[in-house]
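Okay, so chain A shows up in both of these, paired with chain B first and chain C after.
== the complex of A and B ==
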């Protein structure tokens, strides 16, 4: 049993390494396959905005190429890229030149992780429980009709909910701030005031994600619950004279939860990329907002860095899920 | 004469369907004495499973339109739903048909068995609980370590034995066995039935065994009831029914059994019957 488990862990770890390898390679290849030259683009843009007095563009392009190592053979570049990945040196931002990509990511990451981590966990917990109860015949009718209302909301895209919330609670009623992560000019410190300010600013973005996501979790869970309740082991649990509460939790929820856990791991892997549109709507200083800006300004290295972070974190999240999955579904580690 | 364990008196069960009322069980009466083995045979849809589910109050969509059911002299119609829950497995237990899928895949065998005690208010220390579960598993011919296993690690026959062990955990006076062996192969069928018979005797519980295999039935029960289209068309001792079947349907069931006398007619035909060695050794 345990040998079996470690065998399984090793296999899953191998798969994770493979995914990371592919992600890094694709991430390396993709920008180089794209039409256009980022350096020339950048310089052209600079010239257009800064007037013509830039001197020899060709020489500048060449020196920039050398600076970023783009003049070397593709194999050398590839190896150098791996080296920089391992040393976590992701290069410089093209638009905000002296800024390092790593620093840009680190500046946005806590905001995004906090916002989406919290929103994902809350909507998962509430949505799953709600869905489970909606699929349970003994639930009160009131709860079921409330649930149907929530399901209706889930068909509205979250950025639309965000805009509606923004309009009512920040523009019309001015209860919550309209954007940003914390008040302008406020210096962050680990004190109650900072936490309150951050929570204040995060309320509307959080709500718009949670409202939109709960329904999705609930729909999946309700469907699973209904099909699990049709299983023979539920009928036998009933025949055994078990309490409804135990049948619901240990026989129903435990089994219906399995696919939800996969979805949760996927969702947690994705939180790094941020809910781009929500962050843009609320100008929330997270990774998603940063990615949006970088794409707009063709800041390739930042885009590359964020995409890399995203793919690696999804791979790691899936690996962690694989590690805990046998604990919730004992059939998995058998390697069937 | 002691009080019958179970008395079913003119039981009628209807299912409301779109096309009108469907009468699944029509005026069925029978009773069992303590320790008695009674068999209900009949084709699919003849109402035998419905009768059993009514005894468990687990009908889905159907309702008891008239008739009475008594358990150890107590009128079951007067038992509330909450009380009925505590009656299940404590006084009537069920050995299910689909043993392959009747165990919760995410709980260890010992946990699933333990749940029965927990929800019927039986308190044990950890050690006591482990001992009791080990004993139950031994009783049905399983190694006691099975309590640490998950259902997917067991064979079909082992799972059915686990179901039997659960069925006797609270020492009920009536065990309902709904085609408990239909998912198993012939040899395992006989072993599992033998196990059921043994624990039933130890317990002194009455058994209602449901099935459509007349031969298997004849080995196990003393009295037989034949159901056809919702009606109990014939009841009697196994010997009487086989010697002198009254109803056409019963005659047909008995005639459909393979017999050595009629092997000739098989041989003359195109198909040759296969005689597995296991059959020659008997039960």
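== the complex of A and C ==
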């Protein structure tokens, strides 16, 4: 395992570095490829749209000029940009000036991480189990036809399901709140009441991601289960007279589960992209909603900062998952 | 002719594929023929009485700014489909070309193409799309298609590369090569026709991915500003709080249409999958 493993790690690490490099470079290059002075553009656009409290415009222009160093060579600018990325200095928000972009992101991050983490965990578990059962010949027919319905839902974007849930469970029947992360004006503390309020507000956004995502996991698992059940060792286990339950769990599920885990890394980008609009629909105070607000108010530096954070953190998360996989399934490092 | 009748027989057996194609056909017919039967003027702001629920004159009601929702839907459908299909075609061509080159050339060319597709798969597409869309002056249907395409060619490239690798070693390709068939002829005469089922299958997946990105961008308000699109309709409905205000006729039709398109694409893709794999098994 060792030599292969390190080859594999080096390859995955290289890909991660490339992605980070590309993400930062694209962030640097795009505004400069557009005609005109990026600062003038941004401020002019903002002025034209009459965007609220502008703060001290002069100070902002000065700060951006120094930051971009637009009179210097492009190489110097590029290096300076990397330096500011490394020191996590992403500049100021244009619409909520003196707020720093980094702080704006930090404020939204826990909400998004909680939403995504919980939704992914639940949908992965339920979807994998459902898919396994759908691929198992002895499962009741009712479960299979119910499962097919769930599979269809997986093709629909999360936010569409969110809109339907919002209408029925917050507008027609006022069971759940229509938006936000917790009741307006409530101060967060580490107590049962806060946790209950947060869970209450998160229910509908969570459900919209989970409902759509279960099917995606079930499809992959069903396919894997069917092909695993065709293996000789299943026939042998059957011939030995093992109980079906044992064959299903120990022989079927366990082997079909491994490729399923590797798909988790591939799915990350997809899940994050989908969750952005779910946050928008529910005005959920995470990164996605902040991104939407920034796009609307043309708060360019916040957009840039969030995009950079998303690309880099997904690259790192995928790398970490990639490191773990060969430990679970040695076949991965042996090459595809 | 024989090919057509065998396809028809396959459709009769493959209910999933049939249903998927029927759904897509319905949507496409509505999108192509619909605009001939509606009055464009009704899709302008202030054309009718705003916020009216469905009535005999306005089948889908009217939105908060007085647009007739039925007209809006009929006009928005072709735009969104155009972006999705154009983006799908561009990324399919790029993907097939790269997949063929990688599969045939091997060596460092293959390594570079594989690395590029791995990297592109890691980058969250919507993040880059948001950045580009936020930067361009004016978004158009064509520009949108190109941007979406640059981020969705990877599935096709991977599928075609894998199939090329296996086809390359088949007996008839080897025979043709030993007979002195030149490289290009080998690709276009011997290999490409046999890839057609896979190309068709990748096309459906590619269009589906492209549509997902397109609808998402439009719903974030980053789509073509001067055109009616399905996602843009949802953007405005969301912007004016149509859900909270109980105006289900405003956001219901675009949601149903988008859901139908995705379910149709998924059924077609699943149906094709069993079709393609069966052909492969028979060979």
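Simple rule for what comes next: the second predicted complex is superposed on the first by the 263 of 336 C-alpha atoms of A that agree within 3 Å, B and C clash if a C-alpha of one lies under 4 Å from a C-alpha of the other, contacts with A are read in each partner's own complex, and residues count from 1 in each chain.
Following the convention adopted for this analysis, contacts are C-beta pairs under 8 Å (C-beta built on N, C-alpha and C of every residue); 3 or more make two chains touch, one makes a residue touch a chain.
Since we're looking at a predicted model, the values are computed, not measured.
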- Query: Between chain B and chain C, which makes contact with more of the residues in chain A?
  - Reply: C
- Message: Taking the superposition on A as described, I'd like to know which of chain B and chain C A:233 touches: first, second, both or neither.
- Response: first
- Query: Taking the superposition as given, does A:278 touch the first partner, chain B, the second, chain C, both, or neither?
  - Reply: neither
- Message: With both complexes overlaid on chain A, does A:216 touch chain B (first), chain C (second), both or neither?
- Response: neither
- Message: Per the contact definition in the header, classify A:24: touching chain B only (first), chain C only (second), both, or neither.
- Response: neither
- Contact set on chain A toward chain C in their complex: 15-16, 18-19, 22-23, 26-27, 30-31, 33-34, 152, 154-157, 159-160, 163-164, 166-167, 170-172, 178, 266, 268-269, 272-274, 276-277, 280-281, 291-292, 295-296, 298, 300, 303-304, 306-307, 310-311, 314-315, 318
- Task: Enumerate the contact residues on chain A facing chain B in the complex.
- Result: 231-233, 235-243, 246, 250-251, 254-255, 258, 328-331, 334
- State the interface residues of chain B toward chain A in the complex, per the touch definition above. 56, 58, 85-90, 93-94, 96, 98, 101-107, 115-116, 118-120, 150, 152, 163, 166
- In the complex, chain C residues that touch chain A: 115, 118-119, 121-128, 130-132, 134-137, 208, 212-213, 215-216, 219-222, 234, 238, 243-244, 246, 248, 251, 255, 258-259, 262-263, 265-267
